[in-house]
Structures are given as C-alpha cells and as structure tokens.
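Two complexes are shown next, each including chain A; its partner changes from chain B in the first to chain C in the second.
Now for the complex of A and B:
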C-alpha cells in the first residue's frame, strides 16, 4: 500500500477527515521545517536581496545597485584570481581523488589481510576537522622545521617552497585536501566493488579478458552510480572548501590560494562589503549547481539523443 | 583457427595470469601498506609534535625521532592559552545540537517517508539544495541577522545555526532508514489504535536505532569540527569554540606549534573514539547518506 493511501486509510478508520491526516504530517515535520526556514532559508533569501544592494550594516541606508555587485565581481582582479584558483583547485583535487580513490580501491579489494584495519584507518581523515588538517599540513610544510623539507634535506633533494611560492601554495593546499578526502572515495568505491554482481566478472575471466579490459568494459559501467555519487559529493564540497585553506594560508601568498569562499569571507569581514560578498557567495553556489546539472544533464541528453 | 581453439588459447592465457598471481598479490599488499602509511603518518607527526619539548620542536636539522617525551604542551594549552572555556563551549554546542537535530529531524523524516505530505517532493528537493550551500553563503547573512537581534557571540546563536545546518543531512539519512522498514509493523500498530506519535516513539524509533545513532554521530562530529560558523558568529571566550581557539596560537611572533599540536590532538580524540566504537554506524551513515544523496 502506498504511503498516501495508507494515510488516508488510517484517517478513515479513525473517523478523521483526510485533511486532518494531511495536517498530521505537517505537525510532525513542522518544527524542523520552521527551524530550517528561519535559520537557513530566510538568511539565504536575505543575502540574495543583499546581493543587489550596497549593504552597510551600521548605517540604516542601503542603496539599490541592481546587478552591479555581480558585474563588479567579474571586473575585479581579486575575484577573477579566486575564480582561477577555484577552477584549478577543484579540477586537480577532483581528478586526483577519483583516480587515486578508484585505483587504491581496485587494488586492495579482495581477501587481503589488514583490509579491515585499513578500512578503519581510512575512516579517520574524512572525519577530522578540516581546520586541524589545515594547521597540521601548515606544520608539515613548514620550511624550517617541517617534516617534508627535513625528508628532502636528508635525501639531498632541492627544497620546495611549499607555502611561500604562489604556485606551490596552491599545490600544497590541494595535497591537504586530497589527503583528507581520497579515503572517503576509497571507502565508497570499495563498498561499490563489493556489491558488484559476480557473474559478469567470472565470465570475463573465463573469456580471458585482461584486467584493464575488465575494468573499462565491465567494472566501470557497473560502478557508474557510485561514480556519480562520488563526483557529486566532491563537486559540492570543493566549492564549499574554506577551513583548510584559511588555516594553511589565509588565501595567501598574494591571493594565490584564495578560493571563491575565501574571497567572499574576505569581502564581508575585512572589506565590510556585505552586498558584494553575498553576490560572490551566490556565484560559488551557481557554479556548483551548473556543474551538477552538467553531471546529470549531459548523460541524460546523450541517452535521449541516441534514442531519437 | 577455430573458435574452440581461440577459446582454449584464452583459457590458457588466463591460467598463465593466475600462475603469476603471487607477484600481483605482493603488489596489492604493497599498495595496502603504502595507503595505511600515508593515512596515518601526518596524524602520527601531529601526535609526536604534541609530545615534544619546545627546544626539540625547533631544532635544525629536524629530529624525526623525539629525544624525550613531555606533557608540557598539553598543560600549556590550559594554563597559558586557557582553552578550557573553548573546549567547554564546543562540548555544549555539539551535544545540544545533537539533541535538537534528533528531536526535530526524526518526526520530519517520518512524515516525509510515511505520511501524505503535500509538497513533500519540494521539501526533499530543498533539503538536497541545502546540503550544497557553501557555509560562507549562510554565515554572511546570519552575521547580519544575529547582529540585528543582538545574538552575536552567544552559544544560542551557534546551536540554532548548527541545528538548522545539520538538519538536512540528518533528515535525509533517517528517512532512508525509515523507508527500509517493513510497513506491516506500523500498520498493525495503527490497527491496534496507536497514534502516529506513539507509533513513531515506541515502534519505529527502536527499530531504526542504528540510523538514529548514525545520524547523531555524524551530526556531533560535523558540529564539533565546525570552524567557519563559529569564526563568523563569535568574537570572545563567551562562545568561541576549540577550532577557533586554534587560531589563537597564531601570534604576531609566529605560531606556537607545540600547544597547537596538543589542541589539534584533542580535537581528533572524539573522531578516534567514534571511529573505534561506532565504525559500523559511521560507514553506514556516510555510505547510506552518500548513496541516497
């Protein structure tokens, strides 16, 4: 019986008119929805309005600017730099995490001793506060007392200006993000691999398909739903990243690691330009929405196009 | 060559591959070991750092093996940096948020999963969108809103914000667990005259205890770990939390790495506890949440 039918049936049985059975649903869901509306939806609507104004928190007067905050953003070199950083950071961390996550999952999947231990340990990095990871990597990358440079020194390799060189700083931030999030993808892919049907894999091995061929033509297509989820989660989260970067570099040196969220924070709390900051944070949201709809839309369009 | 011969050739190739397996197996063990080392090493380094004396920390060249072990850095977290109030704030905010989220999200999830809710699909869609919002997009207007209510720098503002912000994931997770239950039990409870609320509290809740546990653990850890909301909404010891307290170690003279590492280890302890004792719940929560999200 469907939920709706049953709700009506319950309503009828107890002589309650259907509208009351309906309102019962909202009585249960209501408190949660009210809290979310007040503390989540309302502030977002507020900041959407704010993004069209020259918004001054202390003075009472706010001037309507229309789209100026948005157009100004695309004209400001700081924002364009943060956009570039975001694209590089999201692209690099997404690719590395998915490829490494899949590679590791494929190789350690199966009856290996120590796999249980590895699964337990892999759960740790994704659950640790990104702020702690940011500070820890700042310490590891420290150019005087840090571990990484100490290792390079012992191996007589040239030292790397991890956090002081603008290009390396973006790499270092990406390394910290990859360290934290790849384990989650490994766990996700392992779960996916373990729920694969065995027949096609056995058939492939009987037919003598190479491991590479088996991966591309059998495992990957079967894992597509899990792959989608992994990509979706990471797209959403790379566009939300703030803590790691803020504690590693505060967006520096010279704005080299300023992601869009960092730019929005700086505009609001150092530039005290809330309208502008709100516009920038909406651009970040719009970008991840566009990517997500591409993720879902492109395969859907392809399927439609092929059918017609 | 006939098809059969080809097939036989294929079989013999696969046999040859199978005979070479030990090398493959060794490579896989190597990957496993390297994965474990990469996962653990940065954390071990944090732990080692937190147990060194300051003289040992700032030695050049770096001593990879510490010369002595001390609890001095942990003591200075409390004596010199007075982080106990930060720790206390973090505990209060996280625990209260877990209670509020569970109390509100459970009935909401039940209504979405089982009752007829006009506009239910819209609500579900909004919950998904809310999961995507960058925290900074929420923190900026909340700063303005809470400042107009005079609620900046209070624990109440933090708890309220976290309750709303963690609700979408918790609701989504709990809904999945409720949908997996057989409906017959609830139907017979309804026949026996149990009201919706009683069915939820006495029958459904015990059956989805693992789901409630998973959602509570995830809510706790994500609230415990939060940095950005506390950074924007608080400004003093009244309400600042431990992750914000970490920034206190960054002074104009540089970073006091010893106590910072000690505080970092303290931040990680609850994660280790939950991973050790509630690993199943966490994986279930993360994977289920992810798979359904």
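Now for the complex of A and C:
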C-alpha cells in the first residue's frame, strides 16, 4: 500500500483529512524519532564511517583508508585470538547456561517447600553490577587468598592457577559469566514451564511416558519459542561482555581472555586508534547478527523444507 | 551570554589588575574575578579528594577563579580524556595527565613552553620534561607536578635473620629471593599484567643495555638485550619461582598489598608505597622494612614518570586555566602533595629542600629516589607508540605465562609495532 493510500485509509477511519492525519502521525512520533536518531542511529552511523578512516588520536590526521582497518584486523594475531576466545567463551557459557538453566528450572518447577525463596534468591546474581562480580571473582580466584584455592588446599588437592594460566583464565571468566546469567535463564524457562498447556503433559502421564520422554518430546518442543528468546538475549549479551572480563583479567594473561569487546576497548582507549576499534566492533556486530540469523533462519528453512 | 559576560569581566579585571600591580604578561590576581574553569582531575584513595578541595579553595581565595572539577581514577580518567580528545571537546579547560599516556594527546593539549619562562622550566627535572614533550614539535604538552620512580622495599627483620643484604644486581636478586622463599612466603613480588608489566620489562630492558627503539625510531626491543630482559623477568616467576605463582595476573595493587600484608619480602615500588607501608591502617609490616636502590645489571636505569597538568588547546579560558596549572605545580602545592602522598617534587629546588629537611630512613629513601630519577627513562613518545604498548602487554604476558618464548613473543610484537608506528606516521 502506498503512503498516500495509507493516509487516506487512516483519514477515513478517523474522520480527518488524510494528509493531515499522516502529518499528525509523523508530528506525534517525531520527537521520539529524533531522540532515537540522535542517541542511537547517529553514533552507530558515525562509528561505522569511522571504521573506514585512520582515526588515530596520536596521528593528527584522519585519512580515508577504505577497508584497510577491516583487513588489518583479520591480519592481526591479537584480533584472531580474540575471535577464537569469543567463540569459545560464547559457546561454553551459552551451552552451560542453557543446560543448567533448564535443569534448575525443571527442579524448582514444583510445589516443594522453600521454592519461593529459591526463586527470589535467583534474582540476586543478575541484579549485581558486573563490575562487582568481576572484582569479587578476581579475589575468589586469587591463588594466595582466594576461596576456591583455599578449599582445594584444605582438601589437599593440587591448586588451580585460575587467573595466571591462559586456559584456566578463560574457564574462570566463563564461570563468572555462568554464575551471573544462569539464573536469568532459569527464570525465563520457569515462566515458560509454568505457562505450558497441561493437557499434553497429562496425556503423556496417562500413556505412561517416562519423565525423560515427556521432557524430550513434549516440554522441549513446546518451550522452543522461550528458548529462542533466551538464546537471542544471551548471544547478544556474550558479544557485549566486557566489565567482568576486564576486571578479572584485563584480557590476560597474554590475550588468553581477550574477547572482541576487550580488544576494541584496548584499541580505542589505550591504543587511541578509534578507526581500528570501530572496525573490530562492527565485525563483532556482524558476527552476532549472523548467529541470530542462523538461530531464526535455520529452523524456518527446515520447516519450509519439511513442508515442501 | 554568560560566557560573553564572564570573558568581558575577565578582561576588565585583567586590565585593572595589570594597572594596579604593574604585572607583566602573567595574569593578575583576581584577573578572572568571576571566571570559572573546569578541570578533570585524578583521584585514587581517600586523600586525593581532600587534596584537590584544599588546593582549589586556596586557589580561589588567592585569584578569585573558581575551579569546578570532576575526579576520576587513572584508567577511567585517561579513557575519558581519549574520548574527549577524539571528539575535540572544549568541556574541560584543564586536565590531569601522565607521562605514560601523553603521546596520545600531543594534538589535543596546548604546548606550554610559551607560557613559562626558560628559567622557570629549568627548575623542573629534565627527565620529566623530556618525556612530556612532543619529539616532533618540541612542544611541552603538560607540566609535571611530581616525579615517580621506584626503589626497592625489603624486609629488614627477615633479611637480618638470614644475614642478607638487599640485592644490588640481577644475580643478587635471584640469590636473595631464593634464600628467603619458603613456607608460603615469597622473596619477591613483581607485577605481570598490562602497563605494570610493561614498566617492569622496560626497567630490565634498559638495565640489560637495550632500548625500545633504535636511532631510526624502529622497534629494537626484540634485540638480544630485550630477549635477555624478558627471559630474566619470566624466570623470576617460572624458573626460580621466587614470586607468587600467579604474579602474571598482578597489577600495582597486588604488588603493594603482597608486601604490605607480609606475604612477600621484597618489591620495587613507587613513592606512594612509602606512605602505605608506614601506616598501621594499610600495612602489617610497619617498622620492619627499609629501602634500597633498584637492582642493576649492565646499567642502573629504571622508569621515571610524572603526573602532570595539561591545558586543553580548545579552552576558551586559557589564561585562567594556566593560572590554575601554575598553582598546581607551584612549590607550595607540591610540598602539600609530598606531605600528603609522599609525592616526590618535580621542581629540583624543592626536592633538594625536602631532602635536606628529611631525617633518618626517609632521608635515605629520598636520596635513593633522587639518584633513580637522575638516570631514569621512559618509553618513546612517537606516533603509534600507544598502540605498541598494548601489543607489548600481550607479548610480555605471553612470555611470562609460558605461552611463547621471550624471543618469539618479542619478534612478533616488534613486527606488528613497526607496522603500527608506520601507519601512525612515525616515519613520515
């Protein structure tokens, strides 16, 4: 429908001249659109433009570089390492959070005593500021005074170099992320479980289906929309994770926990190279968009393929 | 409107004061009677807010200029300044800054040479002035309000028990640290993360006889001396095991707290450490430590850097802002900073006075600091070197955590550093 036809339709419905109705609509939406453009679209567009320039504070001139910042990024070992870290971090934390979140949600989706309190307590980790979580986990993982190694020491087990070993450091930041975000997924899954239609579950029970069979064949398919939303939120979140990692490890040791956001921060605020930092940020944005498209697109394509 | 009026008032005041006092080019007291300037100042710890409050209050009493200021800790402050610099913002007239990051701001801060007489500038420590100066233009981007250098802090009780003297050379350092390491205590603590790791490597690089760049400003930190320096640094943690095993994740906070808690017996630390270790509120080892010079190898060189004050080149109130900068680096203000934070003065005459008045252990320590400052250095302030720094964080950490050999790690960083500096125009 063209804009003119749309305006006519609106005008007919409300009893006002069509052009006036359309312009009134734009006028009413205008302030919000302007604010949105100022705080969202403009910075986004500006930083995108920036990614094609040499925007280096110490260089003094902003030369147009074309795609050089992007090609440089893919040629940089530090960026490739951050890409690898990001994939491992996002994959490990998403998998753990979804599995643990679903498990805990199923566990507390009953009428046992104390479950109300448990549900309330689950709200605490997502409510804590990421910076507080980062600092706390830095101390918890400290090898001299930290809680985790103190427990291992008391059990006469070998100590774990949580933050000083490259592999363990990535595990440590993943643990902190899982601790903070699993409760959010528990709450989402719990809301989903409590809104499930009871008839199929009752029918399965009458038919003598096992708990596993009921979960796999009824609960999980019915929960798919909730899972998609949860995954979408967490994919976006993992590609934005910065505070916890920065405060725990500053991306170290030796870039072992440098995620794409940390790499962009280092380039922008310590390397004062905003052009490169913007390019790295847009690569991260593209990656999360590709993942989100896959999340929605693959099931849609599968469904279409089945229908055909 | 306000801006116009205040500027006019400022000019009127200026003229009146100049006539009254016969002052020369310097702005007169009360010249900016109703002027208000804005400053972004550094903070950290409970004493800084009181220090700035006292300084700005006193400044207003003397000049009539109001300084409204925001305070941030070092890292967020630098990030904010980088953002404002990139946006060419005139929001703040005056900035706290530091030698470490000054290379990023040469295009944003106003060169201060023309506002200070040559004799005035000659009072400041040359090392502080050299590394706050843009090597391409000779413009002084900021003026130092202190000089920071590190000396050795060691546990006298433990060393006496083992009949040891503080280490003077690299070999001594290994021997002494190995002797006292044991029973959950470590002979030494070194930072191993980010900028603190780069500073520590820098010290060892110069002590081994190397340098960051060659005479053509090409990266030279991967020379034989550089490899020797990083190997020694790594071996302290991984081979000799004289430091806490997680030292690779330590910054300055851990470097201080490990010694102050009594867990570690030797450290190389900044002047503020002296005040921290002297107070029972922040130290468990009060009265059990002394200072000694930094260790040496082929040379006795370590970092000497400064907190400094800079003028925004886009400021619309440069005269009033300059007056405040002058005040912050004045002998009175520096003396207050020394008394509160044990900040070593950037003015040589004041430093001599402070040293002459000090007694006992403090006098010894100040003499050691003075000697360290006399031979102190800083990494070069060339275009693109800020980016080289972040490459170095990774390179040093990779070697310290045994992910790569020192040689491979430095060679990779040198290759990337050359490209980063070339892109930033260091060789144009």
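Convention: the second predicted complex is superposed on the first by the 275 of 308 C-alpha atoms of A that agree within 3 Å, B and C clash if a C-alpha of one lies under 4 Å from a C-alpha of the other, contacts with A are read in each partner's own complex, and residues count from 1 in each chain.
The working rule: a residue touches a chain if its C-beta (ideal position, glycine included) is under 8 Å from a C-beta of that chain, and two chains touch if they have at least 3 such contacts.
What you are looking at is a predicted structure, and each value in this text was computed from that prediction instead of being measured.
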Fit-or-clash call for chain B and chain C when the two complexes are aligned on chain A: clash
Partner chain(s) touched by A:144 [first = chain B, second = chain C, both, neither]: both
Contacts of A:161 with chain B and chain C, given as first, second, both or neither: second
Chain B versus chain C as contact partner of A:233, first or second or both or neither: first
Touched partner set for A:271, first chain B, second chain C, both or neither: second
Chain B versus chain C as contact partner of A:56, first or second or both or neither: second
Winner by number of chain A residues touched, once chain B and chain C are compared: B
On chain A, the residue positions that both chain B and chain C contact, one per complex: 55, 57, 142, 144, 268-269, 274
Residue numbers on chain C that touch chain A, as the complex places them: 78-79, 82-83, 85-86, 103-108, 192-194, 244-249, 251, 258, 263, 383-387, 389-391, 393-401, 403-404, 409, 412, 416, 420, 423-425
Sites on chain B touched by chain A in the complex: 7, 9-11, 13-14, 27-29, 31-33, 35-36, 38-40, 42-43, 45-46, 49, 57-62, 64, 104-105, 107-108, 110-118, 120, 123, 126, 130-145, 147, 160-161, 163-165, 167-168, 171, 183, 187, 190-191, 196-197, 200, 221, 224-228, 232, 243, 246-247, 255, 257, 260-261, 264, 267-268, 271-272, 274-276, 279, 282-283, 286-287, 290-291, 293
In the complex, chain A residues that touch chain B: 1, 3-4, 6-8, 10, 13, 21-22, 24-26, 28-29, 31-33, 35-36, 38-44, 46-47, 50, 55, 57, 104, 107-108, 110, 112, 114-115, 117-133, 135-140, 142, 144-147, 149-150, 153-154, 179, 183-184, 186-188, 191, 205-208, 226, 229-230, 232-233, 236, 239-240, 242-243, 246-247, 260-261, 264-265, 268-269, 274, 277-278, 281-282, 284-285, 288-289, 292
Complex interface listing, chain A residues touching chain C: 54-61, 76-78, 142-144, 161-166, 169, 249-250, 252-256, 258, 266-274
